[in-house]
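In what follows, a structure is listed as structure tokens, so that the remarks can point back to it.
Going in written order, the chains are labelled A, B, C and D, and every chain counts its residues from 1.
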Amino acid sequence: MIDKTLASCAAAVADIRDGATVMIGGFGTAGMPDQLIDALIEHGARELTIVNNNAGNGETGLAALIKHKRVRKIVCSFPRQSDSQHFDAAYRAGEVELELVPQGNLAARIHAAGNGLGAIFTPTGYGTELAAGKETREIDGKHYVLEYPIHADVALIKAHRGDRWGNLVYRKTARNFGPLMAMAAKCTIAQVHEIVELGALDPETVVTPGIFVQRVIAVGHKEALA
Amino acid sequence: MIDKTLASCAAAVADIRDGATVMIGGFGTAGMPDQLIDALIEHGARELTIVNNNAGNGETGLAALIKHKRVRKIVCSFPRQSDSQHFDAAYRAGEVELELVPQGNLAARIHAAGNGLGAIFTPTGYGTELAAGKETREIDGKHYVLEYPIHADVALIKAHRGDRWGNLVYRKTARNFGPLMAMAAKCTIAQVHEIVELGALDPETVVTPGIFVQRVIAVGHKEALA
Amino acid sequence: MSGYQRLTREQMAERVARDIPEGAYVNLGIGLPTQVANYLPADKEIFLQSENGLLGMGPAPAKGEEDPDLINAGKQPVTLLTGGCYFHHADSFAMMRGGHLDICVLGAFQVSQHGDLANWSTGAPDAIPAVGGAMDLAIGAKQTYVMMDLLTKTGESKLVADCTYPLTGLRCVSRVYSDLGVFDLGTEGARVVELVEGLSIDELQRLTGLTLAH
Amino acid sequence: MSGYQRLTREQMAERVARDIPEGAYVNLGIGLPTQVANYLPADKEIFLQSENGLLGMGPAPAKGEEDPDLINAGKQPVTLLTGGCYFHHADSFAMMRGGHLDICVLGAFQVSQHGDLANWSTGAPDAIPAVGGAMDLAIGAKQTYVMMDLLTKTGESKLVADCTYPLTGLRCVSRVYSDLGVFDLGTEGARVVELVEGLSIDELQRLTGLTLAH
């Protein structure tokens, strides 16, 4: 019997190594796998490259990971926010390297990794400084920039429900990067509100098929969730 | 009020022009939009370029379209089958041009069109005669072939349920190319078993959001469908 | 000063809203463009997309009804209309980059008369850069509109011959809605579509330093 | 002829099945490889993927229970296991091309000692070509196994120094399961993993015309 569920977030992140590339789901705090990040902080891996849309909000989740000085580099689209103080400080201190990627290129490059593509000609960023030095090409009268896939050693994502085969469904806009990151990482770890019996998820509505997920951990419902 | 539903397949295909590129959903007969194809035959458009996984089975659907000599070119992965007699005859008679595309490249090229990419480096076909003359590149030690998106004027697809905004859900393996083609065509026409009230489709489980669909026609349930 | 009255931000939002037809798929950028939603006619169905994964975005929820899993691109709580749906980021940006959105409304630091857009960075050497979905939105929609005050607080025109701030996209803005008038942009330069009352073309050319067709 | 007994197709399918571990994600190609499913142990959970959009494929349905919307890549009616799911073609080929499948089992016209595969076309000038998902499967899975009779009906080896038929993929096959033995392939050439009883390496080298490590 295949059972991808684990009892604790600590067990799920225990083999993440120093220097690993870790994708973290979420758009702001929606879909941010807080408990897994807390476990990662506790675990202690350092010199991480983090792929996320943002660079942390407030004091928890990715912001806490940065605060604890575990992050060497961040690949993201929108680091600077009103509550990104820990990133701001680390960046200004030269402790964290930043690779700024337009959000659509970020999604497309993660998607390309999951799909096994070698590179993609993307329309976004052409003629801007974020494409400086990159290969460009005119195709059918439009200009494109060549962008490479973003792969990861580990993806930490948050889903709504999961089963022991790793099938996942998400909740509202907390879905965001989760399904893409699950496809692009060697090991995808999902924290879910609830683990359900095999077969309880409608096969027509599974968003992330289990093949893309290696570990599932139930962290319980938040009060507000329907 | 926006209402994308139409009363008949005939009305839905009435503006398809001679020489149009028409994507047709389906893998074999699963997901093949038979009623829309029948209407297209009746409508009479000629010199069509058809994009489908196959090149017709038996006497109905795409096979009938070929039999009626409406097809100038087929872009597909698997034309030759035990029941592809109409394609076989037209091809041997030199009446139909064939562009043979590996199935994964077909899916990826359609997907690239829907996503606005200019081209993709794909792993499939490298070193084979289906990549002859195509640009190739070694990226991180692997070899890739440059493939271009496939766009269409029209996509004819079959879904299970739809609403007046064009949101669609599919049924089992009849989903196949439908969601991709809907993204890659200027005008996507979906035949569905049933049109439901707005809101009857769970927003978490819509597979094709209405933005990708221009016309929806109910053709009734087949008996066997649960 | 001349005897003209600048449009308020609310009036600008109302003006943009008037040009959005029923059935349009629209992305409203963070900040001022978000206010356009307040002026869309209730009797027309217009589809608002938010790049974090929803189509058919509704108004802000009532107090106490906020759901942290249901937010817009500005990370504010929103609602979903009946008939709306959720999707992941790749599908969301497919909508934006694949030419499926009809209209995108963005703010700007500068727009060139030919439609170049600068709205993500002032190029200040000590600033932390952030781009989000701005570059994707700028080049992806069928029509990209900009909504901005025509002049900076110090009186410099934000509609310029050539952008001096870092670019978001090239030749991507087709129309500018400003507090002083509406402009169509293109290879021929800027054309005045309408002006606030009391403002002359001559005065507008003086304020922008541009030759404006009309 | 020597005193050895070729494996039947059923025995070959059983032999392949024995090497598929619990938890593996597997695509079984059309034709002979499909039979491997009949020999997978019932007490182990192995995930069969079919490229037309399902994971967790179950056995053929009972007579009268066929659903035309639930078929495999060979267009035969199948069932879905509890815990299986459906997806569209892009996601399906992402599984195949993105390195997510552990094992893919294919038939072949020829396999070179270095792992080149020819299984989609005999190159006959009047044949109508068809490739389907063969090229995607060949290069996408972590391990690509081939299952075939070692010799053609006329006695020519299908394990060859270099393929003469049009290629499906380069250096993609890691292992061949044949009616006469099992071979590992790689840059060093073919290595015999096991032989049917009564067959000698010498005889096998004579039949294939290859130098075989063992």
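Here, contacts are C-beta pairs under 8 Å (C-beta built on N, C-alpha and C of every residue); 3 or more make two chains touch, one makes a residue touch a chain.
All values derive from a computational prediction rather than experimental measurement.
Identification of common neighbours of chain B and chain D yields A.
Graph distance from chain A to chain B, where chains that touch are one step apart, equals 1. Across A-D and A-C, the chain pair carrying more C-beta contacts is A-C. Remark: chain B and chain C have CA centroids separated by 35 Å (rounded to whole angstrom). With each centre defined as the average position of its C-alpha atoms, the distance from chain A to chain C rounds to 29 Å.
In whole angstrom, the spacing between the mean C-alpha positions of chain C and chain D is 55.
The residues of chain B that reach two or more other chains are 108, 115-117, 122-123, 170-172, 204, listed in rising order.
The set of chain D residues that touch two or more partner chains comprises 80, 86-87, 90, 93, 97, 140.
Under the contact rule defined at the top, the touching pairs of chains are A-B, A-C, A-D, B-C, B-D. Interface of chain C with chain B (complex): residues 22-23, 25, 45, 47, 49, 55-56, 80, 82-87, 90-91, 93-95, 97-101, 140.
Residue ranges of chain A in contact with chain B, taken from their complex: 108, 112, 115-123, 137, 139-140, 142, 144, 148, 169-172, 202, 204-205.
Taken in their complex, chain D has these residues touching chain B: 50-54, 67-71, 75, 80, 86-90, 92-93, 96-97, 127-136, 139-140, 166-170.
Those residues of chain B that touch chain D in the shared complex are 27-31, 77-81, 87-88, 91-92, 98, 100-105, 107-108, 110-111, 122-130, 143, 170-180, 207, 222, 224-225. Chain contact summary for the complex, chain B toward chain C: residues 1-2, 113-117, 163-165, 167, 183, 198-199, 201, 203-204, 206, 209-212.
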